[in-house]
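You will see subunit A twice below: alongside subunit B first, and alongside subunit C after that.
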Partner chain A sequence: MSRFAATLLSLAAFLVGWKLLTVLTGTPDYILPAPEVVAGRAVRAIGSGLLWEHTAVTLTEILLGLAVGATSAVAVGVALGKSVVIERVLSPYIVAAQSVPILALAPLLDIWFGGGLLARVLICALIVFFPIAIATMVGIRSADPLLVELFRSLGATPAQRTTRLEIPSALPVIFGGLRVGVTLAVIGAVVAEWAGAGSGLGVLINIANQGLFDTPLMFVALATLAVIGIGLHGLVVSIERRVIVHP
Partner chain B sequence: MTIEARTAPAAAGLPLRIEDVTARFPTASGAVEALRDLTLEIPAGSFTVIIGPNGSGKSTLLRLIAGLLGPTEGRVVIDEGTGPRAGDGRVGLAFQQPRLVPWLTVTDNVALPLTLAGEDGAQARTRARVALERVGLADAADLRPSQLSGGMAQRAGLARALITDPQVLLLDEPFSALDALTREGFDGELQRLWMDRPRTVVMVTHSVGEAVRMADAIVVLTPRPGRVAKVVPVDLPRPRPATLASNPAAAHIDSSVRAVLAEVHPSELTPWLDR
Partner chain C sequence: MSPRRLAIPLIAMLLVGCQPAATASPSVALRHVTLLLGFQPDVQFAPFYLAQQAGYYAHFGLDVTIEYKGDADLVRLVADGQAEFGVADATDVMISRTAGIPIKYVETIYGLFPVALIGPKGTVPADPAELAGKRIGTPGKFGSSWHALLALLHAGGLTEADVTIREYPQFNQVDGLLNGDVDVITGFRNNEPLRLAAQGMQVDLLTVEEIAPLPGPGVIVGDALLQSNKADVTGFVAATLQAETEIAADPQKGLDAAVVAVPTIDAARDVALAVLKGTIELWRAGAPAPSAAINDAAWTSGYETMRALGFIDGSVPLDEMIEHLVRETVN
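Now for the complex of A and B:
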């Protein structure tokens, strides 16, 4: 069985299970809508442009947040990996920032950074930062000590050692962190929107759930978030396959 | 103790002097003294083999000459001038394990010393191909290290050490991973490379037979902390064949080296006795 067929089959099983659940329990649509109800709502939301309007906003936040978060995480992760002193000084703050619930931090950041796109990108970047920074640190330190000595014997500068040995050695682990990071970025964007935004899929969830009592629309928004997460994860995996030479 | 370059075809390479060198380093189980008051003079263009069992400081001695390690006491002098500095281009080092970078092709691995020194990539690759040809590895230029056999990887490591054409070549048991027959072939090739292009070579080995085949002089080290127990000159014509052991003069040198080893390492298991 091809991988595509397996995926298709599991999706079909999921939908059938969902449908059976709604039929057998007789749950009304405003609590758990049946799959075809959600699908119908999705068609209408796409047709009216409503879904795309909000998806575009959230996608922008996610991509910018990822770009800012991942870039700074790799830079900080390299520094952490190279210097035990830097690790000692910075790691309490990094761990603290990760341990404090992003839900509590988000409204603060929203006020500090003016409540616009900037604030939401920063919230998204913050949640993405931790797994990628830690992965980079671990990866940098995993460079083979025999190759480190080889580079030393060849007179490599510290910068050459970092760019040509340590970062390439760290790439598989960095990509692992990136895979976690992209899925967290989706959560980060929604949390940021909940802290105060006029549009976006997080906002759409709130409107559908609390304003319109349109549970099928909420499911459409949730499914869209899931699709974004799966898509980005797949993108990272395919970049990983291209970038990393598997020896 | 002084070694004389007897059979080197022409004076080339740089002379080395190791003066009263002591090397200590901390380990998890306390400080280890690898070498103590070791003095050795190695003339330009000679082929010197260092022999001794594990833990006699052979690799430490090579690290000192390569500048990867500083002596605790004493000094190492290259060419009557300054001490070695890692990567200053005068010394090439082939490690016991080939240490190839797994994500680079064989060519890029061999070109690494040049590209790290800032040489243009295309030019470095061209020179790497030439170096690969010299060690008989031209066909493997585009492979990755994981696709190489043990012997091919060793050749690639040797090509990388040779590519900068260093005046001093240090070989740390370069063929130890190979079976005895392949190893004899490698010894022959190495001898040919050295005769084509003489330079100062210091090679570490466990094998007395290999030492006699390759060396102008064999330096026997004592157990830790290592000192020079004896320098045995090897005054045999080159090129020396793989069947050298049947030569009475070679057999005599072989047994005198074994005698020194047995004397300074009496309590050791003596794996060199059966080689």
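Now for the complex of A and C:
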């Protein structure tokens, strides 16, 4: 069975299971809407431009947050991996930033950075940072010691060792961190919007749930976030396949 | 029979269809029901605490458990029968009923709409048209604060585009006003002015009732309960009104009940009492005592305003959103 067929079959099974759940339990649409109700609402939201208006905002936040978070995480991860001193100095702060619930921190960041796109990108970047930084650090340190020794004996500079040996050998682990990071970026964008935003899918969820009592629209927004997450994850996997040559 | 016990049947007589079966004797098992209150435990919920503690609900055969939920969940849970009673914004009732959620508003708790625009003294215009260009802080584009803001803007011939909206989803718009990030905020007139005064800011209010009347929050029930067990609903309404009336006459009684239900209130009794006294004024709406009756004029005005604002499309008529259980009229 091809991958595409397997994906379609899985999706069909999910939708049938969802529909059965609503029929067998008799759950009303305002608690758990049936898939065709959500699909119908999605068509209306797309047709009116409402869905794209909010999706574009969230996608921008995710991509910018991912770019800022991943770039800085790789840079810091390399430094952490190469220097025990830097690791000892920075680790407590990095772990602390990860341990503090982002939901609690987000409103403060929103106030500190003016409540605009910058604040939301930073919140998104913050949540993306940790898994990629840690993966990069672990990856840098996982370079084959024999190859490290060989580079040294051939007179490679530290920079050459980093760019030509340690980073390439760390790529599988870095991509593992990126896979986690892209899904967290979606969550980060929504959390950032909940801390303060006028539009975005997180805002649409709030409006649909609390403002319009429109449960199907809330599911449309949730499904859109899921599609974005799956799409970005697939993109990372696709790039990983092209970049990393497996033996 | 004590005066208190006499008062309950007297108020019950005001209620349409209140059946004698509701007056349960101690030997009859009480029916367990759940009351959902929005947001978080607070002194403003004192009538429910008092009615529970003083046995007013038990008098009508009800064993009431109080829980707290966000408004969106609260409405859905009551409609689905997972909870029997809830307290919700009337404007949310209009929207949710139009969205197909089978709930009805059966008892007025707040005679006045509790949300107002609040700003530093001397800076809040009396004419909503003069809000143009103002920076306004509000929790989000939902709920009573948002409805009040849009109703005022609409009354002034303005739209959202004529002002700058700054959202404070953590309900910290007071901080925004104190920081000078916004010119005015939406807030509960029985709460935010006190918080701002404590920070040294005296304020003025722009309220909706003279400009664009909206009905205040009240008790909601699901259609199914109303059809199957109206006696429970009328009993609940009577017991709550009894407690509300007693607290309006003696706020200390409400504060004491609130402290029993929410012991943390005891740490700031003076503030809680001030909030409660402000809340009582909103319950009474200028009348000598609170009324449970549905204010038809405010509902009709609110319905038209919500329709003009696009929150409802008019497909569900007003009389499907409310149930008149009280004979008295406020019109």
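What we mean here is this: the second predicted complex is superposed on the first by the 247 of 247 C-alpha atoms of A that agree within 3 Å, B and C clash if a C-alpha of one lies under 4 Å from a C-alpha of the other, contacts with A are read in each partner's own complex, and residues count from 1 in each chain.
Here, contacts are C-beta pairs under 8 Å (C-beta built on N, C-alpha and C of every residue); 3 or more make two chains touch, one makes a residue touch a chain.
The structure displayed is predicted, hence computed values, not measured ones.
In the superposition on chain A, A:164 makes contact with subunit B only, not with subunit C. Touching more residues of subunit A than its counterpart among subunit B and subunit C is C.
Using the contact criterion defined above for the overlaid structures, shared-chain residue A:53 touches neither subunit B nor subunit C, since it reaches no partner. Contacts of A:36 after superposition on the shared chain: neither subunit B nor subunit C is touched. Contacts of A:150 after superposition: subunit B is touched, whereas subunit C is not reached.
On subunit A, the positions that touch subunit C within their shared complex are 28-31, 107, 111, 115, 194-198, 203, 206-207, 209-215. By the touch criterion stated above, subunit C contacts subunit A in their complex at residues 70-72, 75-76, 79-80, 92, 95-96, 99-101, 140-143, 146, 165-170, 172, 175, 311. Residue ranges on subunit A touching subunit B, taken from their complex, read 146-147, 149-156, 160, 164-165, 168, 244-245, 247. Within the complex formed with subunit A, the residues of subunit B that make contact are 66, 68, 85-89, 93, 95, 97, 99, 101-103, 112-113, 116-117, 144-146.
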